[in-house]
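In structure tokens below, several structures.
In the two assemblies presented below, chain A is common to both, partnered first by chain B and then by chain C.
The block that comes next holds the complex of A and B.
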């Protein structure tokens, strides 16, 4: 058996075929499960999509590398569930492209951060983390509040996500810029459009405390406040698990 | 197979090829490596049989051991719950005074409460509940919504301005920004408010200014803060005569609070923490307040 490759190595076509077979096994093991992903990911019929403002915040989260220190994945371990909340389900990141599960926790996990703290806290914390958490080693992101959010490319971001399966409608794509402004300006006429397109549960607030403009702080806080709240599937799973 | 040719110096076989006069030894793979490879292959086959391994369309091979991480975590949580229920069930049933006089039970509450507080409350209220600008200190007696156990428990459950259906609601209007009071009026009433907690009752204002400020206070502020400025738990309006200042008690901070208004936000914890956990936190805070200097 250990000598078989002496024979194989002398026939180039045979060797090529053997290499293809060996490499395919690795490929199949990785790719085949994706063919049935629709059946293995949990159902979450009422799941909403990220609004343009939240999506912009998500892009800032990626740009600033937040994922390098914060995971968004609560594992099926008792200490994690007790500290952070119900463990993460695959369906919760079905609209995340790319997913931001992360693999390192210098800071805490953020999968259930949405709604845990107030907007004011997030703004104060991003301005200077030491102001609210004296022991924090997180960098300050005070420039976010001073930086106007770039909105002209939001429609393109929505279009790209639609191509990979996020159910954005044509009107969502068309009105992306207006919706980004409307979500951070509760008293403007634009806010009504956000509710119409994204539902009553959408957070419409001046996230950074300044309703007059849309800053990167608005976008990032809007994103932080929606993490883990696109669907209640994980909480339902938990309560049905309790009943068993 | 080619002709096995032996290297005269080492005695090992060569590959039989020759490249520009150089021949290559064909040293055999050492046996420990073969042994290791074979052992891992055998282990993986055993593991496939024992543990969940192969995907089969919309299901997978479950494995003989029936391991399931989701079930494991549910079991772990349940057994932890049962272990805790020895003392936690007493918290739900017994009278508060009985709980707080039981030193053994209070030790459990302090330990669990400390962890719960650290995970959930410390981000705003500080690790030792000392508070900060905009976030109340929880170890003093200046409670915006009342210091009774029921009031504290309700604040934890429903939050303040939280969006919870039973949320407490409180807003200090933006008197200046929304043009209800002009600049001079705000300066006058700021001076009056500052004088209320001033030891010598004079503050920095002239008697005329304080009189003008008092009139503005009675007309505008007394409905929430009370005519004696002691605040009210129903509206969450703070007592302005004590030395506790949520947003700062210097003239500039008071002016800022009146000009731009304030609207604090405390999240509701009903959906995040169990009834028992919230009660533990409530008792933890009462205990912390009692034992603080």
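The block that comes next holds the complex of A and C.
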């Protein structure tokens, strides 16, 4: 073996090929099957995609690096299920490009944050976390409320996501800008279209408390309120006694 | 710098800089409503500086044929200084965000100053800015010395070094503006990723071309490690960054992978960035500079082989240990855990091989702080790899994951292993490259060493404590069978440790600043009488040493 190596190390190209082979096997064995084995991702027929407003909010979550301190992945451990809620399923992030499972909990997990607090709480918390949680060490994100959300390119965002496999329909792509406004403006003419395209359970609210305009705060709160609620699969699993 | 290029190379450099400026111009126009516009301006400015630099030196006489009897050290010198600058900037930002965790009000109500945007500047600045430039600089040095030949040409080292730093600058300025893919340690967006791929191919080609010119029949072990670093990082980078840009005028892209597959690809990348960037490349450094400084040959040729191939083969399997108890299929988790534990064998073989090399030279470790930096690096490498294998065991991981324990582990590796070997290598290199008799102040090297040691210990012990406390508090039940602590209780318990951690980081940063001062003063001091021992590329037919001897 050492004799063979003694010969191998005289050829740079041979060394290069050997390195490529040695370093490829593990990745191929572990990653390739994830795309082919059916059981990797559960079935959730009723699952919907993110609305344009929620997607914009998700992009703000990414932009501000929220994932550096908040995970969105409840592990199959008793204390985590009791603290945060039903453990996360693969299907819940099947439309997530990229996933935001996170790796660190400087703050709590957010996989079940949707619906846990009111919109007003989220707005107050993002304005200054210490107003509602005195011991919080989260930065204040008050600039979100005074920043207008950029909506003109939302159709292109949906198109890009469709190209990588998210099932956005042509009308969702075409009406992306209108839907972003409609979702944050209840009782407006645009609001009905959002429900038609994304379902009755879609939140149509003035998330930041101001129905007149769409701010980044609207988008982020809309996203936070939908986290873990695109499908009920995880809750169903729990009620059927599978948890833990 | 320009004076060392031939006329043809100057023309090519001009064309490349011109093309780069053009790309910058196009991007800044296409992305004028987007952060991409600002990024385009940076590319444009970078390209134009290249143009001016080349033009300003265009009239200088061409280098003569005599250059082939000298090593090409100019890019190495530049790389060392750039690496030290990145170290100071990125360590400063790291300490800043560490204080933010203790005192969260210090964000001036500005988006760019929040933890989420600054943190990737710290990680990218350290791993890619400091670590990457040190790897490029030392690999240029090691590939020439161990092959006893000059770099293959004069231009591509500058292209690699300059292009790589453009990537780093695009990355950190992007984070300030909120441009990020959110993939940890792969945050830069699609245009920066494409650029890095081009630079990396040039780096790989330069490496192979230089090896092809070698006067030694055998390729020394350091080069195996550097080659593995260059090759596998390319593979990881390309696969993990496959993405669909929103448009050519947008900095935003969507990764082609989703959910569980994305998580697995990301941590296959993420852990192997640790493996092949922060381990393989740095072992290449260790295997050259430690024996050189100690004046002893590597302890065992066979251990080098086993260590190298074990690390190269096993590491790629272990990324899934970042995803224990998650929605990732359990068989992948189990494979990741198994290989993580097995990985301890080649890791410790590599560490032991380095430490045993010091047998017969331990008195030098006592007297020489530069060698002591390297010895401590090997020691921390052994410690961090043990801890890594330990944390990868599923039940241990259930406690440690998501907590500061991971942060302690990472910093034992980056501060104790990566930074220490870089500082050791630089203290060895600087007097030699600038042809000075010795470093400006050996006392300051000692001061740096002890500041670094104190900083590491305070940092790592603080984070060990806070991590274990955090993990235990989250899973403690009271007598009535409910969770004993709220999340905020655990957060309150962290406060003293966050202050301790930021203090430890500050000590380490002070050490780096002193190190940079010492390096600058060495460069400014007067040159020693030319010391040329072993400092010329070989002419064919000279004595042939086997690697490992």
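Please note the rule applied: the second predicted complex is superposed on the first by the 213 of 244 C-alpha atoms of A that agree within 3 Å, B and C clash if a C-alpha of one lies under 4 Å from a C-alpha of the other, contacts with A are read in each partner's own complex, and residues count from 1 in each chain.
Basically, a contact is a pair of C-beta atoms (placed from the backbone, for glycine too) under 8 Å apart; a residue touches a chain by one contact, two chains touch by 3 or more.
All of these numbers come straight from a predicted model, not from anything done at the bench.
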item	value
Touching partner for A:200 - first (chain B), second (chain C), both, neither	neither
Which partner reaches more residues of chain A (counting touched residues only), chain B or chain C	C
Chain B versus chain C as contact partner of A:139, first or second or both or neither	second
Chain B versus chain C as contact partner of A:85, first or second or both or neither	first
Which of chain B and chain C A:41 touches, first, second, both or neither	second
Contacts of A:131 with chain B and chain C, given as first, second, both or neither	first
Which of chain B and chain C A:76 touches, first, second, both or neither	both
Partner chain(s) touched by A:116 [first = chain B, second = chain C, both, neither]	first
Touched partner set for A:99, first chain B, second chain C, both or neither	second
Shared chain A contacts, counted only where both chain B and chain C touch the same residue	2, 6, 39-40, 76-77, 82-83, 87, 133, 135
Residue numbers on chain A that touch chain B, as the complex places them	2-3, 6-7, 32-33, 36, 39-40, 76-78, 81-83, 85, 87, 112, 115-121, 124-125, 131-135, 235, 241-242, 244
Interfacial residue positions of chain C with respect to chain A in the complex	100-102, 104, 107, 109-111, 114-117, 119-120, 175, 178-184, 208, 211-212, 217-219, 224, 227-228, 231-232, 235, 239, 244-247, 250, 252-266, 268, 276, 301-302, 305, 309, 312-320, 322-329, 332, 335-336, 339, 398, 401-403, 406-407, 474-475, 477, 482-483, 487-488, 491-492, 547
In the complex, chain A residues that touch chain C	2, 5-6, 9-10, 12-13, 15-16, 19-20, 22-27, 29-31, 34-35, 37, 39-41, 59, 62-69, 71, 73, 75-77, 79-80, 82-83, 87-109, 129-130, 133, 135-143, 153, 156-157, 160-161, 163-166
Complex contacts: residues of chain B adjacent to chain A	1-2, 34, 55, 57-58, 69-70, 72-74, 76-77, 80, 119-120, 122-124, 126-127, 132-135, 264-267, 271-272
